[in-house]
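The two complexes that follow have subunit A in common; it is paired with subunit B in the first and with subunit C in the second.
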Partner chain A sequence: MNQRILIVDDEAPVATLLEHTLRDEGYEVAVATDGMDAMNRVHAFRPDVVIMDIMMPRLDGVQTTRLLRRNRSFADTVIIALSARTDQAVREAMNEAGADLYMRKPFTIARLVEHLRNLLDERTRTG
Partner chain B sequence: MDLIASMPVFTFAELPLLDWRLATVYLAAIGVCGALMAVLGHVARREDRGEAWRQIRFAGLVLAPTALLRVFVEGWQVEPRPLLSAAFSLLDLTLLAQLLVAAAGILAANTRRRTALVLLAAPAAAAVFLGLIGGEFTRPLLARNLPAAACHLLLHVLLVVLLVHELMRGLIGERDQAAERTATLTAERDVLRADLGVAQEDLAQARLRGEQALEITQGASRRARLLEHLVASAVELQSLRGRQDLMRGAVELVGTLFSFRRADLYHWTDTRDAFVARATAIDGEFEVPGTGAQATLDRATYEQMVHPRFRVSNSYLVPPVSAQPAGAAADDGQWPPGQHLIVPITDPAGALHGFFKLSEPGEDSGPDLLHIRYVELLARQLAAVLEGNEVRERLAACRDELAVANDRLQSLGDLRSNFIANVSHELRTPLTSIIGYSEMLRDRGESMSPDVRGEFLAVIHEQGQQFREIIENLLDLERMEDQSARVDRAECDLAALTRRLAEDWRQKAEQRDLDFQLDCPASRMSLEADPVLCQQLLEHLLDNAFKFTPPGGAVSARIFEQGTAVRIEVQDTGIGIPEDKLHTIFEQFYQVDGSSTREVGGQGVGLSICRDITSWHDGRIWAENMPGGGARLTVILPRRPHVVLPSAPASISPVFHDPRLSLQRLLHWVSENLGVHAAVLMRVDQPREHLEVVAAAGLPAGQLQDLRLGRGVGLAGRTWADGETRLETPESGDVLLSGGGPVLCVPLPFEGEVVGVVAVRDRHDGQSFGPDDRLLLESMAPRLVHLLQRYESQESSLRDFAAIQSSLRATTRVGILPRTDVASVCHEICLASARRLGLPGADLRHLAFALRYYDVGLSTVPPHLLNKPDALTDAERIQLERHVQASLVTLAPIKPPPKVREIILHHHENYDGSGYPEGLAGEAIPLGSRLIALTDSLRALLQRRPWRPAVPLNDALAEIQAFAGTRYCPRLTGIFLEEAEKRRRHIEDLRQHADDGEDLRQPAATHPVQQSPRA
Partner chain C sequence: MRDGPDSPPSTTRTHGVLATAGRRLEGRWQDGAAWRVLCEEVVRCWRDVDDVAWVLLSPRGAIGSVPPDPGTADRGVVWGASTDEFTWSDSPVDEELWQRCDAAAGALLGDAGVAPVDPAAVPPGDADRTAGWLAVSVDCAGQAGLVLLLGLSRPPAEPSAIDALGAELEQLAALLAPLLGQRRRLVDVATENGALRSECETLSRLGELRTRLAAVTAHELKTPLTSITAYAEVLEQRADDPTFTYGSEFLAVIRGEADRLLRLVDRLLDSTRRGRGQALAESAAVAVGPLVDEIVRTMAPQASARNLHLVARIPTDLPAIEGDDDLVRQVLVNLVGNAIKFTPAGGRVVVAAREDTAMVRLAVTDNGEGIPPREMRAIFQSFYRTRSAREIEGVGLGLSIVKEITNLHGGHLDVSSRVGRGTTFTVLLPKEQHHRELVPGEALGDIDPGRRQRMASLSLRLIAELAAARGVALLLPDGHGDRRRGVASMGLGREALDLIANGGDGIHRTLVDGPRLARMPASLREMASGGVEGPGSAMLAPLKLGETSGDGIVLVARRHGGGVFGDDDLALLVVLTDVLGNAWTALRDAGGDRERQDRVIEAVSALSGLRRVGVPTTDPLAMRLLARTGRRLGLSSYEIRLLQYAGALHDAGMLILDPEVLHKPDELDTDERDHVGGHPERGLEMLGPLVDVPELQMIIRHHHERVDGLGYPDGRRGAAIPIGSRIIAVVDAFFAMIHSRPWRDGVPVATAVDELRRNVGTQFDGDVVAAFVAVLRDEGLVPIENESRPIESPSGR
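Here is the complex of A and B:
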């Protein structure tokens, strides 16, 4: 069964790009336009990986991550923060909220995919 | 001998009637008399040295011994008796004559006549008696010696005549003298009497004048007292806060000052179609006014009351309703019951605020015209104070704003880094798409359908546009910050400008699915402003509204004239603004949804630009939330600049509230209160050499800017020099104040010195200034002084602020760039070396500080020098070397500790003494400086330069080693290189992935999945 990836990003071009690329890589992909939307979808979609933007309306990435981690069923979900925010404070907040990896925008797709694979391999080995 | 023989010779023995004992007693009595006379004469002589008394004394002195001698001669019958007897008689006569002369003299001269008379009459009478009766006359008669008797008789008669004559002469002389004295006195009396008449006449006149003067004085002092009360009450009014307190104070004052039993104050209702009693005073005591129909008074009734036929001065004497047609009830001097006085409360501009209704005066005749004028004056003052109150509230609001701005300064660092984070985020967002999509096109472009490819390209293009927009906004902002944008005023038509832009806005609104309404007059709306800035202002306002309104909402803009200003209102149905953020949204880089939720793009720059543009045009901008949701931004722009400001300290940032605005508002308040066209406020500058204009209204701007007046020059200069209020027409040579009517010029004293001058000119109503205007302006002086003082202190503290701010800005800007990871590892190496050397904590802290900021001064060096691959010329080298001092100057406002300054100053010294700025050598160079020299070199080698790539780590370390002992301290070089070696892995890692995604390298295990993907 394909691994499922949930993309959470309010910037439509970025979300579309990720969706195309990752689908081509063979993942099952869904898109949420903000944190609130993501929280509504996770229970049905049950993603293995969440790619999380931070600056979003209604519910931001940090809060969403925190909410996800609070739920046992998402304790092992890989969460990759992908944000144009580079300041230390936001990175620390995201780390504390429980993200596994912090990637800066702009990003190279190749590297994202590489990190993604590594993290998922890691997960299968330990889990 | 014949004569002697013929003389009446007699002895006691010849006396038939008297025996010798009697004669002895008689002679003894004469002797005693003589002695008494001698004593008297002596005493009198001592008293007043009169000539007569001297003679008496002499006579007494002679008489007393001769009498005794005669007692002896007569008693003992001494021979030759006839000769002796003749001698004695001669002596007797002589003495007697002398006595008489003396007596006459005394009578003539002495004022104590009666005493003298008694004293002299007694011996004279005795002598005559004795001469006649004693025998000198009787005895020859008895002896029938007729010739002797006749001779004696003659002699005695002669004596008596002589005596009488002398007496008479004395008396006559005295009488003449008295008559003469009387004549003199009479003459004197007549003169005096004449004088008295004149004096009496004068006195009467003086009394009359005095009475008149008293009357005048009483009137004047009554007026002065009233005026004094009035001024005191005006001042008291000024001190009251809040509308209700003010009105209450005002009715109480009017009631007591002018002794009305009842005073009511009516003020507009909120709808302004009727008046309502706001305060009532009965017998000077405040009472809450009644409510209901009685307390309100509609406009029509008021118009009826203020009919011109009731008019007295500017007030109205309204007769009781029943007697209304009779009108003008004040004529007979009586105040009919039910009549009242209506005094309108109008401000200097003529706008009606309300009115006083005064009834039941203390005196039957009611107040005279003067009193009515005073009530009017008070009413005017009240109007002014009501307005002043509003101004004060606005000032208080400004103060609060200033406090907020101060608070903001304290978190200036946060704001800066927040800005950098924001801008970097905004720039990265479109960049992400551009890079991502172009990467896809590059890698898989061939396998894509043309449609998809086109779509991708469209995304890249669109994101590129957005990127450009952000950059342009940033450039705008930079321009604003540098204040290089000068306001270029011209006559511009705001309505036309708006209409031109409207089409764009409609399109934008359509794109976002928003309803857009524009309300703008079709006529001209001219404004003296910078057209480019105005357009920018409008665009940012509208963009802001569009940005914050979700699709389906509505945006409306309204532009209209309001008095002497133009008002722009832009309203949306967006998310609104949190109440506590209403004032901060105009700060740079501020977005309400702050930390990390993100609704819309933009860096929070637009409103900050609007605020700047507005303030450059002396306007106001504020934001408010609408009750139904959404926000409204309002801008008010005055149609022409009315206030000239002194040249501002260059670097004061517009972030802070400008104290000059307060002065400007205050001056406005002054000119409105006095009802004048032109007013100017000047202060004495710091060296006390000149007067400079601080704020002015209604005077041509060109002639005021940077004008300096010397002491005693012009009307204002003279007022400064002698501290006297003046009301005069300035000479035509007066650069500041000439060209209009008379000028009222008042000095502003503070602690005995004149610190400024305020002058007003040209009353709105064309009247000339009176004593009331002078009083009013003088009463405002302390407030102006107060604000001037505050202005000065604020100005200096703002200057400090600005210095600190620019220092912070410099450190932030420079600090951001070199803080790449290579640099931070170098810092780590430096500090680790210092720790190994056993530096105490304080020194470590100083080193860390210096390490962060030692090359701040590089920002003063032109970039082409820094990036020049070739050798520098001497001049260029000096310019470069100066950056060390520049660093210290830049840092000065944040007051680095002395040790830090020392470390920074010497970080370019070489160990062999060949460095700069002081050419120190060896251990004389501070340890920190030596460490920084190493750190700086390593960092520079490891970083890329325009003319070379980054040097590999091994080469870099080798180069440093090569200069140990010449450039670097050999001992420290060893330790430093060892520490660098320890971090070799780290440095190489960093250089490899310098521009790539980073993983979370958190040393603490806070999370189950902690492994690095590359591990």
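Here is the complex of A and C:
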């Protein structure tokens, strides 16, 4: 079965591009437009990976990550933070909330896909 | 060893004081111990003289920071023969003795020299052994710094003995004076150090805030950049892939995001130029009254050290402001500290506060030397110090910090000064507002809570400032029929939210009845004025949000300056609610496009500053004159409505003018004229979402044209200028002439009318001026004799 990726980003152009590219890479992909939307979708979609923007309306990336990690079912989900915020405080908050990787925007898709594969491989090996 | 016939000559004895003290201190006069050692040696020097019963050094009087340490500010050194030892009296000495000494010291203040022996003034304690005293004051920077008293044990045998002792005292005083001065300077430097440290702390705090702001700004800029690089990356990879058919679509995304980036940069530049676009990270209600009291208490010693009166004038019912407690405190400390520093002894510093419309006004006034006009513009710059300030310690950061903090609060800083009379610094800080979150509903669509609250907050501010009211409430629909959930209010008390939200006292009827003058419900009146029933006049108007959803309601109460609201106020409110209704509609219709939403919010934010920069047509009287002049010239009621709307907004472009150019009393140079000349267009750009009607845009664009074609921006002539613009030009000029400006007094109405007439055919349209003067005459504003004077033909001017 294909691995599932949930993209959480309120920036439509980025989300759309990621959606199509990752689908072409063979993943099953869904898009949530903010943290709240993401929380509504995770239970049905059960993602293996969440690509999480940070600055979003309603529920931001840090809060969403924290909520996800509090739930046992998502303890092992790979969470990749993807943000244009590069200040240390935000990075630390995201790390503390339980993200596995912090990537800064602008990013290259090639690199994102590479990280994605590595993290998933690692999870398969250890899990 | 008692001082007998073989005692050393008095001069030697006096110099001995310094020599011995110097030896004990090994030359370290600046040490904290120096003062005590010196005093001890003074006492030691006199206690061995036969006729001296006691010695007292009293650093009391107007010497403030001179004593060895602040804890012993009103203590001194006393030696009495009865105890046969001197005491450093840091424990309370007999109160009555101190009072007597104080009286003696008081008689000498500012009057160096030796006071005569006064047998009547015998300090108790040693009464049986005292026949009188000799006293001398030691001068320090022109003020008495120390009083030295010698108590005599027997009546003077002969006058020459007294003279000799007096001469010795004077000699000692002369030796001590420079040391005292040095000591004082040291204390001053220590105080200055303290002030600098607190300035440094505030600066680093501001620096932190700025860093946070920079992080958010960087994020905003990187967001479009992210899309651009990602899409470009895919395009690059697939350049040779014939199955990839989205090329032009991707390019369009890149193009669009690049445009967005450009707009963001433009906006950023604009906002830094205006000093806005900053906001406090966290703010809470700050009670100003207690804060001012506390500051006056803690700074009182500093003021009395300079012999200044520091007074607070705070009304008991002053509303709280919204801000950062520590930063507001710093503003007051800096302003009061400055006033204390620059006001000569005997002066007065008053800290006053009062409630304004949307703001609380804090004013620090001194009766010092004032600031010369040519230095006024520079005083807020970092490290700038006025000519006179250069003689006083400091680095010149105080005022720039005050300005920065005020900006951060969305407030305003003003200064007025007259040389030789004094200076007043006025800080306006926004009043506390109460908000209750809207339940998200379709009526306000995709507006996120943060922007919704900011818009509500700005709406309250705009109405309060332009409608000159201290109390404003705003109800917003939630889209489910008649239930109104979003409420924001200011100057009405927190409890008012519930009453208004529940539609108490028929407030919701406004939606059916339309705009009206009203009596404020008694319950609300009480809340607004803290239990005391305040003035009951109020106004209600619907806030029209388009046909698809329910409307909002605006409640205006507590007229600024007292009195009841009248028809003119209501007419202005109707125009304002029109403007705001358009703004809210534009915000909703932006459909989640944050950038468009931000442009709307920015436009509303700019407008609330209009009255402050002195745009006269936001006045109810100006509104009425505009309407009546329009009616006289045969405008339809729709055109009159547009005219009033344009009247309220047309000078928004002034807000982005460089204030230095705007308030320049001299002739402008070419660059400056270009800068000013661009303001109608800049205004339109900024107001964009609020002036979505072409006719309206035309009126605003051309309000600075002249009928002779020499105006700006397009140099249109005569009838080619929209009639609305021609009317606004006349009304604007009229109000600009009769209102006072910082650099000149207003002229009488009759003179202004003459001036309008003189410029008919060049600057103004003759029909418009005639109609306007007729309206002024109807209003009883123009004396009769003006009426009979014919309108002069255009002169060669």
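The working rule: the second predicted complex is superposed on the first by the 127 of 127 C-alpha atoms of A that agree within 3 Å, B and C clash if a C-alpha of one lies under 4 Å from a C-alpha of the other, contacts with A are read in each partner's own complex, and residues count from 1 in each chain.
Simple rule for what comes next: a residue touches a chain if its C-beta (ideal position, glycine included) is under 8 Å from a C-beta of that chain, and two chains touch if they have at least 3 such contacts.
Keep in mind that what you see is a predicted model, and the values were worked out from it rather than measured.
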For A:E114 in the superposed arrangement: first (subunit B), second (subunit C), both or neither?
first
Contact breadth on subunit A, by residue count: subunit C or subunit B
B
Scan A:D60 for contacts with subunit B and subunit C and give back first, second, both or neither.
first
Figure out whether A:A84 sits in contact with subunit B (first) or subunit C (second), or with both, or with neither.
both
For A:N95, select first, second, both or neither according to whether it touches subunit B, subunit C, the two together, or no partner.
first
Set of subunit A residues, in rising order, touched by both subunit B and subunit C
11, 13-14, 17, 21, 55, 57-58, 83-87, 90, 105-109
In the complex, go through subunit A and note every residue touching subunit C.
11, 13-14, 17-18, 21, 55, 57-58, 83-87, 90, 105-110
Going by the contact rule at the top, pick out the subunit B residues touching subunit A in the complex.
417, 420-421, 424-429, 431-437, 439-440, 443-444, 459, 462-463, 593, 595-599, 996-1000, 1002, 1006-1007, 1009, 1011, 1013-1014
Where on subunit C is subunit A touching in the complex?
211-212, 215, 218-219, 221-223, 225-231, 233-234, 237, 253, 257, 448-450
Help me check something: in the complex, which residues belonging to subunit A touch subunit B?
10-11, 13-14, 16-17, 20-21, 24, 54-62, 78, 83-87, 90-91, 93, 95-96, 98-109, 111-112, 114-115, 118-119, 122-123
